[in-house]
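Below are two complexes that have subunit A in common, paired first with subunit B and then with subunit C.
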Partner chain A sequence: MSVGMDDVERISQLAKLRLDAEEKKKMSQDLTEILEYFAQVEEVDTSSVSPMFHPVDTDNVWREDAVSDAEMTSEVLREAPQTSDGFFVVPQTVTGAKEEQDE
Partner chain B sequence: MTARIPEEYQVKIGLEIHVALATETKMFCSCSTAFGDPPNTNVCPVCLGVPGSLPVLNRRAVELGMICGLALDCEVNPQMHFERKNYHYPDLAKGYQISQLVAPLAEGGHFTFGVSESQERTVRIRRVHLEEDAGKLLHGHRQQTLVDFNRCGVPLAEIVTEPDLHSASETRAFLEELRALLRAVGASEVRMEEGELRCDTNVNVLDQSTDGPKDGTEITELKNLNSFRGVEHALLWEIKRHVEALQRGDTLTHETRHWDEDAGVTISARAKEEAHDYRYFPEPDLPAVSLDPGWVDRLGEEMSETPRQRRRRLQQQYGVDDYTAGVLVSEDDLGDFFEEAVSSGGDPGEVANWLMSEVQGYLNAEEIALHELSVTPQQLVAMLQLVDSGKISGKMAKELWPRMAETGKDPDQLAQEMGLQQISDEEQLQGVIRQVLQEHPDAVSDYLAGKDRVVGFLMGQVMQKTQGQATPQLANEKLREALTEAKEGKGEED
Partner chain C sequence: MNDLKPGSLSIQKIQQLLRRREVCTDELRGAAVEDVSRRDQDVGSFLTVRGSYEGQSVNNGGTVSKASLNGVPCGIKDNLCTSDLPTTCASQMLSGYRPPYDATAVKLLRRAGAHVVGKTNMDEFAMGSSTENSAFAVTHNPWNSRRVPGGSSGGSAAAVAAGLVSFALGSDTGGSVRQPASFCGVVGMKPTYGSISRYGLVAFASSLDQIGPLARSVDDCARVLDVLVRHDERDSTSVKHPEAGAFASAVSESEPRLNGWRIGVPREFVSEGVDEPVRHVVREAADVFRQLGAQVQQCSLPLINHALSAYYIIACSEASSNLARYDGVRYGLRAESADVQEMFIRSRSRGFGQEVKRRIMLGTFALSAGYYEDYYLKAARLRRMISDQLNGSFEEYDLLLTPTTPTVAFRLQERMDDPLAMYMADVCTIPANLAGIPAISVPGGFHEGLPVGIQLMADRFDDRKLLTAARAFELSTGHHRRRPSHAEEGEMGRCGR
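Presenting the complex of A and B:
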């Protein structure tokens, strides 16, 4: 199994990572090696084993529906590069005619 | 705007409906789900996706999700688990949404709803799964986007239908009854103005004739419609676009479009939304959930009557017609008011008529909800009994009603204060009639000469003299008696 340059390109886009040519080449090699290593697992016959969805054999871990206020608004906003009136500020996500109308 | 759709064309509509479940806290943390709080006040490391934080499932959200599934006749899966759906967007800080893909909460149901008087339709429900809501983005502020994470992590049930709907109006009827259902069983408050029901619709048009140029159009996804009116209008517009395309032999392309409410058109979302690849994988931070059959059964048994069941029962139990029953179940509290009024002695037909005419008229005019009304069902019945016993006329009741609604006073007392009282005393009426006849000898002679029409005129005089308070039926009866007497008296004279 090999992870080609096209795959690296697509995965880095999905992960929002900007890689230069050198890094892409290294990623392609590393990922191919990792997948080949894991491919050994496929040699095991699992036809009589039922699928496992979680490594920890436990279920129904939950909480009751009761509010507890973390009271950390100022604390988390302090970590943000930019805030405004209690909002986080991020670069504009929508461009075009629509948001001019919203304003 | 409605397109003329050729008979051989079939419109197919499927829905993905997101409903906010009626919990106090978020899906995976103990932050409040309250709407309208100052931005970023109901947040914690879990819903902000701070590394190292761990989600813990809200048991009540699972329970409400099961109630959704059961209300839609789905099978609840004995075991479910969660997946991560990966995407990068500022409304979701941790870079993935916890959702369900492989083993959802419930599958394979159906929902029957009324499309018009005495006509029902059934839509298959593919699945109901749980997921968390994203935060809210405010756009268009000096090239900036503002983010509020209060909504991030609020529990949602996503209801996915098969493409079994065939028109915009039918889709709207489906959504309206679905809303009534979810409210009735308590799964969600479904406050539309707070965005508690949002809908993605998939629509395309098939040409079923064999000689058509193409078999059908590609599916269009209309995203994030948050009003029934929006859904209906967007679908009308989109169906027209598909029909016209098919007629010129075009099949369109599979795409996502947005409904622009102001412009009244759908707009293609930019092609930049490259093919989605959410790279789903099992959520390692949450163990599987076993839904004990005993738990499921108990929820099923305890579930409130659905609007459809109630509509049937109201017809059978009280003899109201299908239309009336439909109106009464459209809002829970209207049906409750009706049943309470009837159980305290009201006539079902009269109560229903009043609720649908005067009461709803008042609520609409004042823009208030039924539960904000200070009149009790018992007071409404007391007023109807004043009419039945002849103490006030139907017309007076309509005068009395808005004052009752304003003041919340008992109808008896209020009628006295307002001087609304029918004169049903025979002797008193006979006195008034004698007076009228004396004052209008010409009319009486006309009557004796065979002109029956003047009875109406004389009746008018009686009503005027009593300021409209005479019981019309009784007054009419007594007037005719007096006139007959006059006629007989005249006959004797002759």
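Presenting the complex of A and C:
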């Protein structure tokens, strides 16, 4: 499995990372080398085996959907880069909606 | 001059000094901080040291129970949340981050009277095997300052080895407690998956992550486990361990024997990929166990050769999902942009270091359409097979004996340009994480002045067995008593004189 520059570009978009030209080249080399090593697993027939996603086969753990630790709101928000009136603030994500309605 | 160095003392010794009123806990706390401030410059094991020791719950007087960690100085890996100290995961992404709460493990330690001296250095987000991936500091191996301490819990291992703290907490996803313990000549244990609550541990690969103690003896490790192993409803993977609270009692015998114990040495772990001096130490350890009364035999676990591949696919896949939360919205670094998508991308690209990006990329690839079945699912199926093979071996053997690492501590910078060579450092420790079984590294000997660890693995929930055998080994060899030259003991207090 060779991971080319196009693959690196595609994966980095999925991962929301931007790599410069040099980083891309290094990433392509590193991922290719790592996946070549991983290719040895192909020799093991796993077709009849169920995948193991977790070491403990426990049932889901449920709890009441109740508010707790509500008094911590300000402490939690303290660490956010930008907040307003108890909300996290992000750059505007919806644009033009009102104008379109008005037309 | 005060020559009290609380961090160089065992838990038992500290309890004894307190009981005889030769020192008081305030004195221990002050001396521990002072000693770290003075001596850690050469080691670089701490990222943050608590300058003032007021304000922590001080549990003076009263009875000193056996489980109590009254006045015992400890280090906490910087991926465990502490409400009074920054928690950075050694990443620019979380530089200066102050969690609103203590991790359950930290809370339990404090409740038992332990003194959290500070936060220890690590590989960024616990990704690495040398602590060189830290965004903030270089940690040196106390046995040889040009060598790495191992990783990712390298700061914790170095702090314990240098006698700065009596014990430290690390996290072990593929060997991150045991591998640095081996490189630094201390004891490091990863208990059965789910034994110690992961609430407040910054997630790397949730199906593999487990908190574990590092200490200078198996006895100290067991005492810390007695405090930490308990069910926590805040962690849905937390288990009710049948042996909770009975770990220290498993190591209390002064001349333990292992008559009738069966120990297997899987030949795949002592193949040519492992340096001869390390194999030599394992052979010697096998002889020690024979002298203790155990039967030691070679066995075979052929699928182990695929554990590294399965591990890195699974760990990176889970990491790519877990680290999606760092988007510059709720905490951590934000790189401004008028566009929200661009803000995500810039924040992540600036906040994460090279190895973290590499693993996110690898994981994203393994989970992406067209590759999911061939990589992630294939790895998960292999995990089942490897786990079944390991578990099956415990029908025949009480324990498995292996090296902890294929080499002694390597040189700083030696492997930084070769990610695959760095991943190989975890080849012996990874299988226990895949299967969720307990494993411990104890000092097994030395090669050219550098410590060599041996690893013992046991069946799930057989943590006591592991401790019993490890304790028998350390008592009969005494390797754990050898310390790096500048980490001498100091137990003279002022209070009682």
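Everything below uses one rule, namely that the second predicted complex is superposed on the first by the 71 of 103 C-alpha atoms of A that agree within 3 Å, B and C clash if a C-alpha of one lies under 4 Å from a C-alpha of the other, contacts with A are read in each partner's own complex, and residues count from 1 in each chain.
Just so it is clear, a contact is a pair of C-beta atoms (placed from the backbone, for glycine too) under 8 Å apart; a residue touches a chain by one contact, two chains touch by 3 or more.
Keep in mind the model is a prediction, meaning the values are calculated, not measured.
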Contacts of A:64 with subunit B and subunit C, given as first, second, both or neither: first
Which of subunit B and subunit C A:90 touches, first, second, both or neither: both
Partner chain in contact with A:78 - subunit B first, subunit C second, else both or neither: second
Partner chain(s) touched by A:34 [first = subunit B, second = subunit C, both, neither]: second
Contacts of A:53 with subunit B and subunit C, given as first, second, both or neither: both
Which superposed partner A:16 touches (first subunit B, second subunit C, both, neither): both
Touching both subunit C and subunit B, counted on subunit A across the two superposed complexes: 14-16, 53-56, 58, 60-61, 63, 72, 76, 88, 90-93
Complex contacts: residues of subunit C adjacent to subunit A: 97-101, 193-194, 207-208, 233, 236-237, 239, 303, 305-306, 309-310, 312-313, 320, 324, 327-334, 337-341, 343-346, 348-349, 352, 354, 357-358, 360-362, 364-365, 368, 375, 377-385, 387, 419-420, 423, 434-436
Subunit A to subunit C touching residues, read off their complex: 3, 7-8, 11-12, 14-19, 23, 27, 30-31, 33-34, 37-38, 40-41, 44, 46, 49-56, 58, 60-61, 63, 72, 75-76, 78-82, 88, 90-93
Residues of subunit B that touch subunit A when the two form their complex: 23-25, 29-32, 38-45, 48, 56-62, 79, 81, 86, 88-90, 102-103, 137-141, 143-149, 258, 260, 262, 270, 274, 277, 279, 282, 284, 286-290
Contact set on subunit A toward subunit B in their complex: 10, 13-16, 53-56, 58-70, 72-73, 76-77, 84-94, 96, 98-103
